[in-house]
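Only one structure is covered here, and it is reproduced in the block below.
Read from first to last, the chains carry the letters A, B, C, D and E; within each, the first residue is number 1.
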Amino acid sequence: MTAPGGELLVFAVLTPVLGILLSFARGGRAAEAITLALAPVGLVLAGFVAWLVAWSGAPLVYEIGGLAPPLGIALRADGASATMMVVTALIVPAAAFYAREKFATPQGGESRSALTFWIMLQAIWAALNLVFLGSDLFNLYVALELLTFAAVPLVCIDGRPETLAAALRYLLFALFGSISYLLGVALLYGGYGTLDIVLLGQKIEGTPLVWTAAALMTAGLLAKTALFPLHIWLPPAHANAPAAASAVLSGLVVKGSFFLALRLWFYVLPGLPIAAPAALLGALGGCAALFGSILALRQARLKLLVAYSTVAQIGYLFLMFPLAAAPAGGALGWSGGFMQVLAHAFAKAAMFLSAGVLAEALGHDRIAQFGGAARALPLTFLTLGLGGLSLMGLPPSGGFEAKWFLLRACAASGQWIWAVPILGGGLLAGGYVFRILAPALGDGEVKVKASPRRSQELVALGLVVIALALAFAPENFFEFIRIGRPLAGGGAS
Amino acid sequence: MTPSVLAGLVGAALVGLGLYGLISNPHPLRKLLAFNLVGSGVFLVFGIVARRGAAAGFAFDPVPQAMVITGIVVAFAASALAVALILRLAAASGKVTLDPRAWTKPGEGGQ
Amino acid sequence: MSVLAALDLGLALLVVGVAAWTVSARNLFAAVVGYVAYGLLLALVWVRLYAPDVALTEAAVGGGVTGVLLVTAGKRLDALASAEIGAPPGRGLKIFAGALAALVAGALAWVVLTLPSTPPSLAPAAAEAASGPGAGLGNPITAVLISYRSFDTMLEKVVLILAVLGVWSVGADAAWGRAPAPLRKPEPDGAMILLAQVLAPVGLLIGLHIFWVGADAPGGAFQGGALLAAMGMVAMMARLMAPPRIDSRKLRLALVAGPAVFLVVGVAGLMLAGHLFAYPQNFAKPLILFIEAFMVVSIAVALPMLVSGPPDGGAK
Amino acid sequence: MDEFLLAAAGVIVLTVAVGLARILRGPDDVDRLMAVQLLGAGGIAALLLTAYATRVPGVDDVALGLALLAAFAAMAFLNHLDASEGESE
Amino acid sequence: MSDLFSLVAICAGVFFFFAGTVGLLRFPDSLTRLHALSKADNLGLGLVVLGLIPRADTPLAALKLVVVWALALVSGASTAQLIGRALRRGRK
């Protein structure tokens, strides 16, 4: 079953793992150098995997140790995973490049925050690649744990008590999520004797065991993805982390557990009638989109506002469940949901990096005191504004493209109810983006403590440009994302 | 009732007890204890799955048992990280509460 | 009811009772004591499930090392006497928690009772693979851990390294590079020193024995490593040994050794056996023991470091 | 004979379980600790008896492990007792 | 013959566990309870091990039984002494 080039999948995971081991053993400055040196390798690997998948039009599979599932473990790259790998390979190096000054290692020594940051950043990369490639539910549990152990220390890297409390709350939610997921895995093994996603997808039936397992796994993944009402850990955690870490956490890490929820419902359970649970997930997503936006409107600090906006944007992602599961317009829903994942990843990473530049330059991030800041930091506010454009869903942006697809899916499947959060959330997003920009574009004189670093501003701008450029994604890009996705009722498209 | 069914019921009870403690107990160290109870309940479910899978001359299916061994080590690592956070939090602030209200100071900004 | 069934039932009730006690006890310390007792009882349950490997791991890691971790945490938390705890839960939260817990436990019990009557199993597949990828290992669990699901095992070692770094990263900036606080500060009693002097060497032998027989009998790298870790902590608690500085090169190499050797051998498998993480037929068993030996080192070092906590000194 | 071994194991588990009431009653942490020590010894005895009656392989190694760990938690507790009085921590 | 030996030894072991528990529950103060406890875990486990030795399949298994008992003995004696000392200093 192993296809030529399948080794690349293992290497995509092993490369950052090797980086972690070397960085930890060597210590000191080596951690940064190794991270930056391996970043292009990771990008090339991701690009090559994507090319192989596109070229063959079929998923790329590698059976580790030459041992086929169910006894062995396989890695499997389909269109969706290859896309996510490329996104990760763009955003993680951008965050790394951005963070070079803040996490520079002192001459001839080793610092706590620098070593932690560089190693954990590589760990997030390794974990995400495994999340996207894993084809065995227990292997994916290990990936989720890697992700948790990498993300939590990043939240409290500056050591203030409120960051420690945020990290602890995050850890407890994440642990609850992992153990709940693992319980579902145990039940599925008890029912079918395999944890391979493809094999399970062929055998699965709508028994109480399967529904209980699905409910437990989904609950765990929702806690990790911070879907309303399990979102309370996210804003303090993402707002308190250093900007480069926030960008990765908000842009990528929450998408990891979301991706597994997609895997579970659309790859493991595709043959089952999932309309009712999908509608429930959609309803939670709709609530999150509205509720998160309203809370974002009320925040006094920019980073908290951006973090609450993540809560809202995660809500849109879950509209994918009812829309992509519908027999009519399912493909539109799938494309729209995926576009939302990509657009949000780039836009949110750019906005967090900009918020970091801003906080560094002004010495604070209180929105009320932004008066006239746009004149002092034009590039940063341009990035914030363009990112906001995508969050609102105005053209030309990936966010607009995503909402356009989702609305067309609503129309095609007759589920007009989901148009309410899509449009309402967009309006509210307009409100909170306006709240950032209005004072900054208005009168006033801000004191700039330190002039912003041009390189950091450009990194953020580059990411937001990608978020906008997604609007011009060609039709065959959406076909690529669908490679290897089982259709409801069996068969692959 | 076979031992494995009994152990499965014990596992279910442990998960329930732990979940209750995890939600209702405000002290983070007690939450951690409760999390470990949930964990061992989940491992017991793996255990009965393994025992039921006795076949081909094995008294158990080795795959779930191996997963439990991996899981126990990961759960311990998680406990250690949580303990480190709790102790540091208590030392730095004199508080070990997770109540978000204890940590938000209105109007507070900056990095 | 046969004698054995009565024994099982008694054990089951006991486990659940002690668990309920640890959840409900008022006093933090009493709850921790209950948890240690619980770990012991759980090891007995695992033996009844024909899982001596898991029983050993549970006794050493789940009960023993976790117990010491929690006791030490309670002690250090007590030392910060002023630590303010959050408000006690309201009635509404308790009812919600109770209802949710009952729902989950009930659903789980129902599913356990209705598991398929012909249980699926990978045991036949594992038996069939025993002479091939299983490399003639007599202990199928070792074969699963090091061969069939080697990728999981290697990454789980990486999780341990991240956990160690995560624990360290919680310390103060000024303390970076130093050693964690010793597990015991006051001068130990003669009896404790004697106990450690007897236990640690015997434990070392037993731990190595359990690792060594692990290829063919219950035991292996996890169980042996965990026992060695426990013995290291015994020596630390009697102050026969102090935690090393965290920037020590030897310490870092010991922690990395397990996953690094695993990774190198795994990649070499591509050349030697045609697949990543495959072992060449003829010398698979020595290779597996080679990997396991380094994993024992990593586990034996990582667990005590996780219990010891972040580097000490500097700030405050 | 196997039945006898199991019955003996059952009686031991039952007895030390009753002894666990000391965990509930306390009054001091030391009393709780003693109850756990008793449980440890009883647990090992019951484990050996069951193992010899049901012939589960590898249980003697589990018993060895438990015997090694019998004093483990107790040492940590006693450390706590020593540290909580007087000595600077 | 060996069955009879096992029977007697194990019964005696069970009795000591029983006695130890009664002591732990009924004795008035911690020091006397400690006394009862050390009887139970040393003699109780010792007698059970003694009763099982004739039933061991291999010499190695018998050796392991003896080591189990020896370890329990060392641990029990040392912790009893440590607990006693802690009690005498009024730390509990």
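Operating definition for what follows: contacts are C-beta pairs under 8 Å (C-beta built on N, C-alpha and C of every residue); 3 or more make two chains touch, one makes a residue touch a chain.
From a predicted model like this one, the values you see are computed outputs, not experimental measurements.
Identification of common neighbours of chain A and chain D yields C. Comparing the centres of all chains, each the average of its CA atoms, the largest separation from chain B belongs to E. Seen from the Cα centre of chain D, the chain whose own Cα centre is farthest off is A. The largest tally of C-beta contacts between two chains is found for B-C. Taking the mean of all protein C-alpha atoms as the reference point, the chain centroid lying nearest to it belongs to B. The centroid of the Cα atoms in chain C and the matching centroid in chain E are 27 Å apart. Measuring from the averaged C-alpha position of chain A to that of chain E gives a distance of 57 Å.
As a whole-number value, the distance joining the C-alpha centres of chain B and chain C reads 13 Å.
Shown for chain E are the residues in touch with two or more other chains, namely 67, 71, 74-75, 78-79, 82.
For chain B, the set of residues touching two or more other chains reads 15, 32, 45, 48-49, 52-53, 59, 61, 63, 67, 70, 74-75, 77-78, 81, 85-86, 88, 95, 97-98, 102.
Shared interface positions of chain A, defined as residues touching 2 or more other chains, are 71, 138, 142, 145, 149, 152-153, 156, 159, 164, 183, 187, 189-190, 193. Applying the touch criterion to all chain pairs gives A-B, A-C, B-C, C-D, C-E, D-E. Of all the residues in chain B, the ones that touch chain C in their complex are 1, 3-21, 23-27, 29-30, 32-34, 36-37, 40, 43-45, 47-63, 65-70, 72-81, 83-88, 90-91, 94-99, 102. Residue ranges on chain A touching chain C, taken from their complex, read 2, 7, 10, 13-14, 17-18, 20-21, 24-25, 27, 62-67, 70-73, 109-113, 115-116, 119-120, 123, 126, 130, 138-139, 142-143, 145-146, 149-150, 152-153, 156-157, 159, 164, 183, 187, 189-194, 208-209, 212-213, 215-216.
Residues 3, 6-7, 10-11, 13-14, 17-18, 20-21, 24-25, 30, 33-34, 37, 40-41, 44-45, 48-49, 52, 55, 61, 64-65, 67-69, 71-72, 74-76, 78-79, 82-83, 86-87, 89-92 of chain E are the ones that touch chain D when the two sit in their complex. Within the complex formed with chain C, the chain E residues making contact are 67, 71, 74-75, 78-79, 81-82, 85.
Touching chain A in their complex are the following residues of chain B: 15, 22, 28, 31-32, 35, 38-39, 42, 45-46, 48-49, 52-53, 61, 63-64, 67, 70-71, 74-75, 77-78, 81-82, 85-86, 88-89, 92-93, 95, 97-98, 100, 102-103, 106-111.
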